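Heads up, the thing below is written out as structure tokens.
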């Protein structure tokens, strides 16, 4: 771990995003709330928040940073897939971009898990499902 | 959760992969083992295995499936980034693709965390770092 | 822990339930999906499933039992509160009633957390909010 | 999650309580320290403290709040059951009542787990065991 | 991880032990149950059981093995310290010695934590406290 | 738990160490990086850092202390074994020696797990493997 003991605590904010490509039929089921396993965005949102809070337990050299906010948004992008945007904030000695990225990754994989049955082909494979473009949109340090 | 109580336990294997795009300078540092935070692949490998084993704690509707194997491989793709391939196996009543995908995502984000300082631009942003093409390569059910 | 090493694995099912008493105004907000923190039942359901799966990490002498199903249902009881019913199943050497009870308790406390702002009085106290009647409805062993 | 980034850290204290109704015979075994699984109050106390510290991992929208104190007390209420009172304290930007409530719920369910064998009837059911009256006794904010 | 997918499940048992050297005055306080933080052996026993169950979350390449029994015994060794013996059992495809060792280590460190105040010298150091002789006493495979 | 609510946050540092005795043949395999399960020191280092960060989840009455640094060093001691030294730092209301000790214990047990196959005798026992001399080297409070 990088030693941040001597650094001052300042406001930290990070926004990350990513996308899961899904079949149009699957997107239609999400939009009409007809997915058998339940509310896709709702479950993914909770998974993303919990994962973001647990980042230092997942990414070995991350400092434990008690978040003061974590927001996970998901929306269907017509004909493409589901986009996830995660915003996290806290006052800390180091940045929170990993927390935002972990939230995005786990939320998108939760979407995958919720719609597995519709994305598999007849041989049980996922020819078109893919998580992509997971990136940091912005990072703010200090006021 | 899907009720799998009555299903028989059969061999389950899944292979997933993904990529993190990194600057050529960063890749050079990884290849020459000069990254200040330590052994990038080594730390990412451990993070990926631990995360795969903890999948049912991260993805809400995943069944707990005690894995009998988890293998995380990382390799530098010249001029592109670091590719991660995760293979998991067990005998279970349901598939293990989520375990493989979680391993890939956490391993790649651990790579990101290890090389943060080289990927940030002068304003602290990550203009070119991105995790992409996270997908299931293959899924096997039964012998 | 009780030594269950020599016991055969048989079907185990348990149903538990409990209730959180809430103000009528709060119940109205839940029913009309107007709670500011989000979808009360949805978040509580996810929390209940995750907690049920993690029972052996919470209750010290519980055996780790990989659940093959966990179902958390919540419903508004007009003028009274929110009732939660959790059903869990697996094949195991010992019963799963603790898993069902943990799911109920955590789901109901999650409901509390979601509606805190409406339940507090002007001095920040909770004069009427209470979790009660958490019990095992039924327990099945074997076919 | 509610954004508490801008709020000042002040002293927070919360006291919660709850009760588990048990048979008189079971209470007698607890009082005479004859329960086969071990020291009921001792194990429940540890479970309650650990759970209170882990609240933000259990209740999805709870902020992570490093507690500076957590105290779990249990006592036999003659002819009724076991009462649990949890007191938690810290300096934080938001209240700690959920931490106290989680401590109570997990401690009481641990009591249940410790005395399962005495509470079950001949058909393996729990006709009289019940957790009830889980509530916040008091909440303090600031000095 | 070693791939144990094809191995048969057989009975596994492991016994591990270790010792924490403590001052005679501290041992006297433990024996007379006068330690201010509470019941030393009781708390250590719970910590040891929980840690043993969580071994695959702590030791990266350990397989998740649902234990069917875990027993943690502690006893004061006159003039020497506290000895801890942990016995774990399950049916599994690989051995459980790591589970027993993790139980011993965490139980002994919990003893340390419980008696910190009596072991520290006037400069806040621990000149004589030490955990030692943590070893596997026996390992059984199959009946 | 000891109530530390009113105590000031000051710099806290602790260094702990311990040793695992291993066969000379095993040490040779570690030194030549020929251990089949992988990079012994690398995996143990990650395990030690993660465990140190999770101390309050393992040792029941430890306060949660977000560490600002954790460093795990391992080195082969010719003809003896592998020594582990862990240094942790943070600003906190109470000391961090338990965090350092937990890091040492889990790192050394991870070494054990990595070299199990070379340490076992023909009957599957570990006649010479032992973790010993786990102690606090120094503890610093304030500047």
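We just call them A, B, C, D, E and F in the order they show up, numbering each chain from 1.
As a convention for this text, a residue touches a chain if its C-beta (ideal position, glycine included) is under 8 Å from a C-beta of that chain, and two chains touch if they have at least 3 such contacts.
Remember, predicted model here, so these are calculated numbers, not experimental data.
**Q** When you check each chain against chain A and chain E, which touch both of them?
**A** B, C, D, F
**Q** Comparing centres built from CA atoms, which chain ends up most distant from chain A?
**A** When every chain centre is compared against chain A, the largest gap points to E.
**Q** Do the two copies chain A and chain C share over half of their interface residue numbers, or under half; same or different?
**A** Here the answer is same, because the shared fraction of interface numbers exceeds one half.
**Q** With contacts counted as defined, which of the two, D-E or A-F, has more C-beta pairs across the interface?
**A** Pair with the higher count of C-beta contacts: A-F.
**Q** Where the CA atoms of chain A average out and where those of chain D average out, how many Å apart are those spots?
**A** Computed from C-alpha means, the inter-chain centre distance equals 32 Å.
**Q** When the centre of a chain is set as the mean of its C-alpha atoms, what distance in Å lies between chain E and chain F?
**A** Going by mean C-alpha positions, chain E sits 15 Å from chain F.
**Q** By residue number and range, which residues of chain A touch two or more other chains?
**A** Residues 2, 38, 43, 46-47, 50, 60-61, 66 of chain A each touch two or more of the other chains.
**Q** Going by the touch rule stated at the top, which chains touch which?
**A** Touching chain pairs, listed by label, are A-B, A-C, A-D, A-F, B-C, B-E, B-F, C-D, C-E, D-E, D-F, E-F.
**Q** Okay, in this complex, where on chain B does chain E touch?
**A** Where chain B meets chain E, its residues are 11, 46, 49-50, 53-54, 66-71, 89-91.
**Q** Over in the complex, which chain F residues touch chain E? Could you list them?
**A** 2, 18, 37-38, 43, 46-47, 50-51, 58-62, 95, 97-98, 101-102, 105-106, 109-110, 112-114, 116, 124-126, 129-136, 138-139, 141
**Q** Touching chain A in the complex: which residues of chain C?
**A** Residues in contact with chain A: 38-39, 42-43, 45-47, 50.
**Q** Help me check something: in the complex, which residues belonging to chain D touch chain A?
**A** 1-5, 7, 56-57, 60-61, 63-66, 93
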